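Common to both upcoming complexes is chain A, partnered first by chain B, then by chain C.
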Partner chain A sequence: MICDLNVVYPQDDFDVFPGARELNKLKGCLAVLEQLGYTHIALNFEPKWTSGTINKHMPGDIQKVNPINVDKDFPEFKGRLKIYSRITLKIDDPSQCQNITKFQQVFDIVAVEPQTERALQLAITNLEVDIITFNYRERLPCYLKHKTIGAATEKGIHFEIKYSDILESGTHARAQAISNIKQLIRASRSRGLLCTSGITFEERSRARAYCDVSVLLEFMGLDRNRASQAFKDWSLDVLLSGRLRIKSYKQVIAVSGDGGLIDNSLEQNDWSLKRKDAPTNIKIDARGYKKRRLVEKD
Partner chain B sequence: MVRLKTRYILFEIIYPERKTYPIEDNFGTVADSALSIHQPTDSKVTGRQIIYLIRLSLHKNFGDYGSSTAVGLSMRYFSPRTGTGILRVTRNNWKYIVAAITFINSINGEHCVFHTINVSGSIKKCEDRSMQYSNDLIRTLRKARNAADDDDGASILGRVFAEDMNKDGQGVSMNDNRVQKQ
Partner chain C sequence: MVLQSTDGGFTKAELLKSSSSRKRRKKKKESIFRSLIRPVEQKSGNNRHSKFYGKRTKNTFKQFIKQNLKLQKDTVKGLKKLLKKDPKCLDKLKDLAELPLCSKILKFEDFQEINRLWNNYAKELIGTTDSITVMTSKLSTCEFIGAFVEVTHSGCINNIGQKGIIIWESQHNIIIVVPRAGGWRSDISVTNPKYSYSELIGGLRIINKEGTRFKFRVNVDSESPTSTEEPCYIEFEIIGDRLMVRSIDRANKKFKNHAVRDIEL
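Right, the complex of A and B next:
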């Protein structure tokens, strides 16, 4: 169970969909990761707008918010890889984050990239997110204090390290990335970290096996055990918390399928074939099951 | 009496972006993607060349201090056909060497990924692991071949296997023998 929760989806707009060529290259990425031993992969949709401007561009229809359709676009990987969808939203204006709850209905994992210190504070205290990430190639928005990071870890929010930032040698961005990652590891006291690849569809040969990356992390001050936890336990924690958010209702959990809780198969079943105007991409949560039963009774 | 302590690193070179034989960008099954990614290294590439690449990467990423860790570095086994090799390093320095290997991204201008499979204190265990690894790979391919045979060779994979059999009469088990011979 080795996870890579960030493979960038080749799309940054809600309306412009990736072509067959891009998707095929993305499949190449997934195949490489599969050969390197990964089993759980999240496709990351990064809208180009920040939280302040995204409202204008978001489609009103909620089923069009998630462009990643794993069942339709990646049928080859069924039974080989477990693929999830993730959104990463850049937060610049902390007052406009209401749409995060909307994203939780359609994506498996919700991540935010705070761009100011206030946004980071807000993400930790108020927002219901799974992952906080940064742009490691540039300066961090603020100095990371143990108190804030520790509060987030306590709450169950995880911080992400992208190893593709440190593979390219001889650039200033890489030095900056290494210093930022060291700062994050120090501030979090090596707890609650994720390590992901962050590769795009064109950078297939940037993927590395997890044991190689954990040696690199060791150089940055994360010990061996924690480095393996970043790929295994903590990543699974993130998937699980995302799962629980949509599969639990008032402390009752829906368990299904062979994969138990971390399994997408039931939600992706088209429950609503009988009904007209059925949403296709929405995860049915526990409340949804209840509603469905009510509808069927009528 | 002080013994010289060593570590052996078993690694493999894979080519994610090569688009030649046997299957071009086909990831339909596990076997297809295994075949299109695990490809043979250019037969001109020697162990010495890879040692040179590692030294270069050490110097680039860790400076002169890092270069000093390459003192006991030698290639004990390298087979371009399977792309696997075993490196011998002094025990204290193995992390630098593995990190340097991770940073390498091309051989002779072709994109590649170095994948460390095993680090061990004895070369015997590395050899065992190497055999196990290639056996696993061959098992997935055999399974696919059996499935393809049922298809009467209609699938792409079936045709590739048929070509392979005509060429050297051994099929994919070639790789297997190579490793066992050492």
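Right, the complex of A and C next:
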């Protein structure tokens, strides 16, 4: 089970949906990743607004918050890839993060991108998120201390490394990315990291097999075992904690599907579809989990 | 299992005073189940003569479990001896419980009624809601004694696949009663499955919650009201690591999300 938890969804607005051409290219991207051996893929929706201004743009209907319709748009990959949805929020104003619980109910994984040092602190201490990520092409918002990063790892929050940043052709951006990633590896003491591609639908050629990337990570200072853990165990941990937030009550009792705790196949993933008597949030609708009971005879 | 309330212990002076009478009582070995049938008059002054005087419920129960486990162990030994003498003696038997050797072991059938009660209770508890969050939060505070569970994941491989009815839940353990010769093998085996002796006799099993996941079913109403009564169920999983509290405390406990590195996929 090799995961790539960041394939950028070609949309950064709640109302403007991607066209058929973009979706087709994205499908090509997923096919390449499937060829490279990935099994679990998360489509990443990045709203362009930061947490301070997103409230004005967010649709009131919770059905419309998640634009990724896995069942409708990607029926070809059923049974081939497990596709999850993820949101990455940019946080600049720490006081404006109440809406994050709303996202937790509709997305499988919630990630944040802190823009300031205070936002990073808040994301680690107060917010219930799965991933913290940075824009590695530019300077990090602050110097990463082992104490803060270690606190996050202890809490179960993982940090993301995007390998497409290292493959960037702009020399300055690449140098910055390398130094930032080395800083993150040092501050986290090689624990609780996960490595994702971060490719958009146009950069299909940037996708790499996991063993190629782990060589690259080894060069950055992460040992081989942990580099493979970043793709396998730790990525699955992220998926598990994200999925348990939807499937279970505080990780105590979970609804049990067929494929273990991270499976989302029994849920409805088509947000555009509206059933007549559906509850407001189809993600937490338990009807998909109902099974017919065999009536015992005699 | 319903336990009779006892007087809740005794002081040291009382203990010395009653030690002689306790010795007498020890000789009479009585099953705990007899107390369930016979009403015990506690309130009046004669509780001193009660069978449970000076005993804590906890200790009595512990003793009962210990006795039963020992009995099961002895029965396995006895069964081995019996088979050595006459290897085909079990072939004629339809049910192992007919054997005088196994007559005292707890029977799964006796607990099916409590399971029926629990099923109704759980169905009522869930009600008509369709939201996973509401269902699971209600179930996290409910009582599990009486539920029919299956162990799906466990650190101890012998526990995996055990199915039975919960009769007691403590902070670290869950005690279940398993049926005779029941287990996962009958589901997957094409040929006649071979059971070990302890599987053959069934009885009590103590299963540690740590690193264990239990699966149980709750019956719900059918999906669409228009169709004819289609019995449905939803499967739930208890994640044992997160439920390491006594059932009494669980009602008021505020659960929190933690790092998931201890939960297996």
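We take it that the second predicted complex is superposed on the first by the 263 of 298 C-alpha atoms of A that agree within 3 Å, B and C clash if a C-alpha of one lies under 4 Å from a C-alpha of the other, contacts with A are read in each partner's own complex, and residues count from 1 in each chain.
Here is the rule we go by: a contact is a pair of C-beta atoms (placed from the backbone, for glycine too) under 8 Å apart; a residue touches a chain by one contact, two chains touch by 3 or more.
Predicted model only: the values in this text are computed from it and were never measured.
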| item | value |
| --- | --- |
| Chain B versus chain C as contact partner of A:237, first or second or both or neither | second |
| First, second, both or neither for A:154, with chain B first and chain C second | second |
| First (chain B), second (chain C), both or neither touched by A:34 | first |
| More chain A residues in contact - chain B or chain C | C |
| First (chain B), second (chain C), both or neither touched by A:128 | second |
| Partner chain(s) touched by A:250 [first = chain B, second = chain C, both, neither] | second |
| Chain B versus chain C as contact partner of A:63, first or second or both or neither | neither |
| Residues of chain B defined as touching chain A within the complex | 14, 16-17, 25, 27-30, 33-34, 36-38, 60-61, 95, 98-99, 101-103, 105, 111-116 |
| Of all residues in chain A, those that touch chain B in their complex | 24, 27-28, 30-32, 34-36, 76, 80, 167, 169-170, 204-209, 211-213, 215-216, 218-219 |
| Residue ranges of chain A in contact with chain C within the complex | 128, 154-156, 236-237, 240-241, 244-256, 260-262, 279, 281, 284-287, 289-293, 295 |
| Touching residues (chain side chain C, partner chain A) in the complex | 129-133, 135-137, 139-140, 215, 219-220, 223, 230-239, 242-243, 255-261, 263, 265 |
